[in-house]
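Below you'll find the structures, each written out as structure tokens.
Presented sequentially are two complexes of chain A, the first with chain B as partner and the second with chain C.
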Partner chain A sequence: MCRSGGNRLAFPARQVVAVEAYDPVLEAPNARVAFSLAPTPGRTLIAESGEAVIVDEVLVHQEALSLLPSPAIAGGATAGWLKGFISARDQLWPVLDLADFSRYLIRTTPAEVA
Partner chain B sequence: MSEQRQSHLVFACGASWYAVPADTAAEVVSFPELTRVPGAPSHLLGVFAHRGEVIPVVDLALLLGGKSDQTQRAVLVRLAKGSMALTATKVAGVSAVSGKLDALGTSGAHLHLRGPARAQRNEVAVIDPEGLFDFLSQGA
Partner chain C sequence: MSQLPPTPAALARWISGPSILGGLVGGLFCVGYGLITLSFVEGSGGYFSAIALGACVGCTVIGDQLEQRAMGAIRSLLPEGNGVQALQRAARAAHRFPDASFLINLTMWGFGCSFVAILYRLIAGPGASVTSWRIALLGLGLAPMISVITYLLVQERSRRAVERICSLGLTAKQAALALASQRRQLRLRLMALTAVAGATPALFIADVIWSQNERRVSELLAVPDREGQLLLAQQLGAELDLRTLALGMALASVGIATAMIAGRGLVRPLRRLAEAAGRLGTGNLDAPPLVVADDEVWSASASFSAIHEQLRDALSRLRTAGLKLNHTTGQLTGAGEAQQGGSAEQAAALNETFATTEELARSAGQIAENATEVSNIASKTLEAAQHGQHSARTFFASMMQMADENRRVADSVLKLNKRVQQIGKVVEFIHEVGDKSDLLALNAELEGTKAGEVGRGFSLVAAEMRRLAETVVQSTHEIERLIDEIRDGTNAAVMATESGLKGMDGGNALAKQVLDKLEEIVALARDTSESVRSISLSTQQQQTGSDQLTEAMAEILRITQEGSASGEQMSAANQTLCQLATSLQSTVQQFRLEREESGG
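Now for the complex of A and B:
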């Protein structure tokens, strides 16, 4: 589970092979872009396939949680990388496919902030 | 298009009045802090959990090119294919709507608004909930 600009995100733990400190040399896309916010340094989540996403904060949730299906309207807006939602800490967290979300961010990140 | 009189839930979002068929309007809800959906368009304000279901909240004013009214109230529309909450600043109640049901626009979300129609003393745009749901589900 992660935070990005005050927003909640979650990724399946099995998709995250490493969490690294911010390194500008990596040039990973920043999750803040998906909320129309300016990127800031944070932690970098790395997928097995090499894709990466920068988030502000990483929180590890140990318990397995059931995935609530994504409503069609939310799914339609996210081109398949939104897998559903989990309910944790009395709040909903969108669960994203890490590699697909990284590719989406690369496509949508404005050149001046890339 | 034909004239029609049918029960609708009539509500306002900003300065405009809307109506949805009463049999699709499940309830009026006050929604809690929403969970934003990354990458979603601005009219999709976020989602909230309601009786075990994840409900998307659509700001009608933003969707139709207006300014958001920052309300935390919405009309929960339930369809066979899913649910959506449409923001509402005022709810007038269930009323018969009379008038023509021609599409009020030629593209986008306006294609799923019909009229001109009247309910009580207000001019209303009648929402085709199935059409609007399909339009929003296609990533609009």
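Now for the complex of A and C:
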């Protein structure tokens, strides 16, 4: 589970290969862009396929949680990178596909922002 | 008195007129006398008359020519005007002319008689020797008489001519200088005149008597008998010789007339001098009369004219002096009154000046006291300035020490800042370690979570490590914040120190300026103290001078008052002098001067 500008995000643990410090050389997209926020340095989540997403804070939930399916319309609108939702810490967290979300951010992020 | 001829030539001719007349009359007298008294050789009487008349005319002409030459200075006068010297020469010639005329007449008479006697002897033959001798003696005896008479007549005219010439432009003094060389032989002249006037008639009378006796003896000798001679002698003794009596009376009359003419020539100048003296005695000081005379009378006349002239000048000067004295005394009186008034004003002014001087002396004393006080104050000021200078030096030294300490503080703060920066670097390193630890712990926790139930313990440890790492990171953040605060504080301290140093430098500069100014103030205060001390000394001297001035003004005031009194006395003396001048002027005015009549 991650926080980006006060917004909640969640990625499946198995899609995260490593968590690294912010490195501008990597030119990874920032999740804050998805919330129309200015990107800031944070943690970089790296997927197996090499895509990466920068978030402000990373939280690890050690216990397995059940995935709540997302509405079809939401899944269609997000081109499949929204997998569902989980409920943790009395809050609902959207679960995203790290590689798809990274590509989505790359597509939607302006060049100068990226 | 007849009018004088206007021209010089006519004047000369007029002067010599009596000489010609005397020569002709004397010649005719001699001819007549000779015809009466002389015994001529028969037939020679006519020759005698012709020779005598010819000699008379010839000698008269020659004598006239000589006399005119003697009056050449008179004849050379110019009608339109002449100089003083020409007039003096003419006056001298006119004055000497009677003597010249006398000598010429005497010479001509002697020459003429001798000529007639010799020529008659030559014509009449040896028998006329006695007659020729008598002719010579007759002429020589009559010559002085004729010359004296001519001299007296010419003398009268020559005096009038001299007066006329002098009236053409000679003063009495110039006339006296021109005629001063005349001899003074009045006594000798009178003796000669008396002798001539007495001897000549006596000579002629004796000659007549001798000739009568000769004629009678001849008549007696011509009578042949003794009785006839006795009878003739009785007749001749009873005979009254009328011709001899008439001749004697005529000669006596001539002698008396000569004496009268001589006396008139002597008395007239004396009478004129007496008249002039009388006019002088009455105070009439008109132009001094030129009384021309001869010998001592001329000397007296010249002296009288000089005295008259000097008296006129003296009285004129005295009158002028009286007028000036009167005017001057009037001015002196006025000046004395003005001076008296001025003295009063001066005394009043001096009184005011004296009061002012006293006030000045008091002021000078007050000024001297004030100057002494100022001198004391200046001394105290100098001491205060010197104390202030010492304090300023101490302050300046303290400021310098403080500046050094501030510099040391600034150096310490800079060193502290560097240490803090080094600490910040260490903390940053710790922060990086903590952050990497956090990442490692996060990845470890993620791997433990991926491992599932097996990695659960591992995840927990990783989570704890992650919390520690986050705590470290938070602590490093806190430390970095504190370091930032310290850095800000140290920076502020550095800036404050630098500002303090700048302030200290400014303060030091100001302290240095204050010290310099205080040194100048001390120097000026020292100079001021010296000047004030000099002023105090000068004011004390001024006070002494003012006291002396007051005493001097008092003395001047006293002298002025005495001068005012003297001025009053002088004014009274001037008034007396003015009265004396007026009296003198009135006395002088009693003399009538010619200048007064001419308005001078």
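Rule of thumb we're sticking to: the second predicted complex is superposed on the first by the 113 of 114 C-alpha atoms of A that agree within 3 Å, B and C clash if a C-alpha of one lies under 4 Å from a C-alpha of the other, contacts with A are read in each partner's own complex, and residues count from 1 in each chain.
Here is the rule we use: a residue touches a chain if its C-beta (ideal position, glycine included) is under 8 Å from a C-beta of that chain, and two chains touch if they have at least 3 such contacts.
All values derive from a computational prediction rather than experimental measurement.
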| item | value |
| --- | --- |
| Clash or fit, chain B versus chain C on superposed chain A | fit |
| Partner chain(s) touched by A:Ala13 [first = chain B, second = chain C, both, neither] | second |
| Which of chain B and chain C A:Phe101 touches, first, second, both or neither | first |
| Which of chain B and chain C A:Ala72 touches, first, second, both or neither | first |
| Angle at chain A between chain B and chain C, C-alpha centres, nearest 10 degrees | 100 |
| Touched partner set for A:His61, first chain B, second chain C, both or neither | second |
| First, second, both or neither for A:Phe85, with chain B first and chain C second | first |
| More chain A residues in contact - chain B or chain C | B |
| First, second, both or neither for A:Ala34, with chain B first and chain C second | first |
| Chain B versus chain C - smallest C-alpha distance in the overlay, whole Å | 23 |
| On chain A, the residue positions that both chain B and chain C contact, one per complex | none |
| Chain B residues touching chain A - in the complex, by the definition given at the top | 33, 35-41, 44, 47-49, 52-56, 58, 81-84, 133, 136-140 |
| Of chain A, residues touching chain C in the complex | 13-14, 16, 18-21, 43, 58, 60-62, 64 |
| In the complex, chain C residues that touch chain A | 435-436, 439, 442-443, 445-446, 448-450, 452, 456, 459-460, 463 |
| Contacting residues of chain A [partner chain B, same complex] | 4, 7-9, 31, 34-35, 68-79, 82, 84-85, 87, 91-94, 96, 101, 104, 108 |
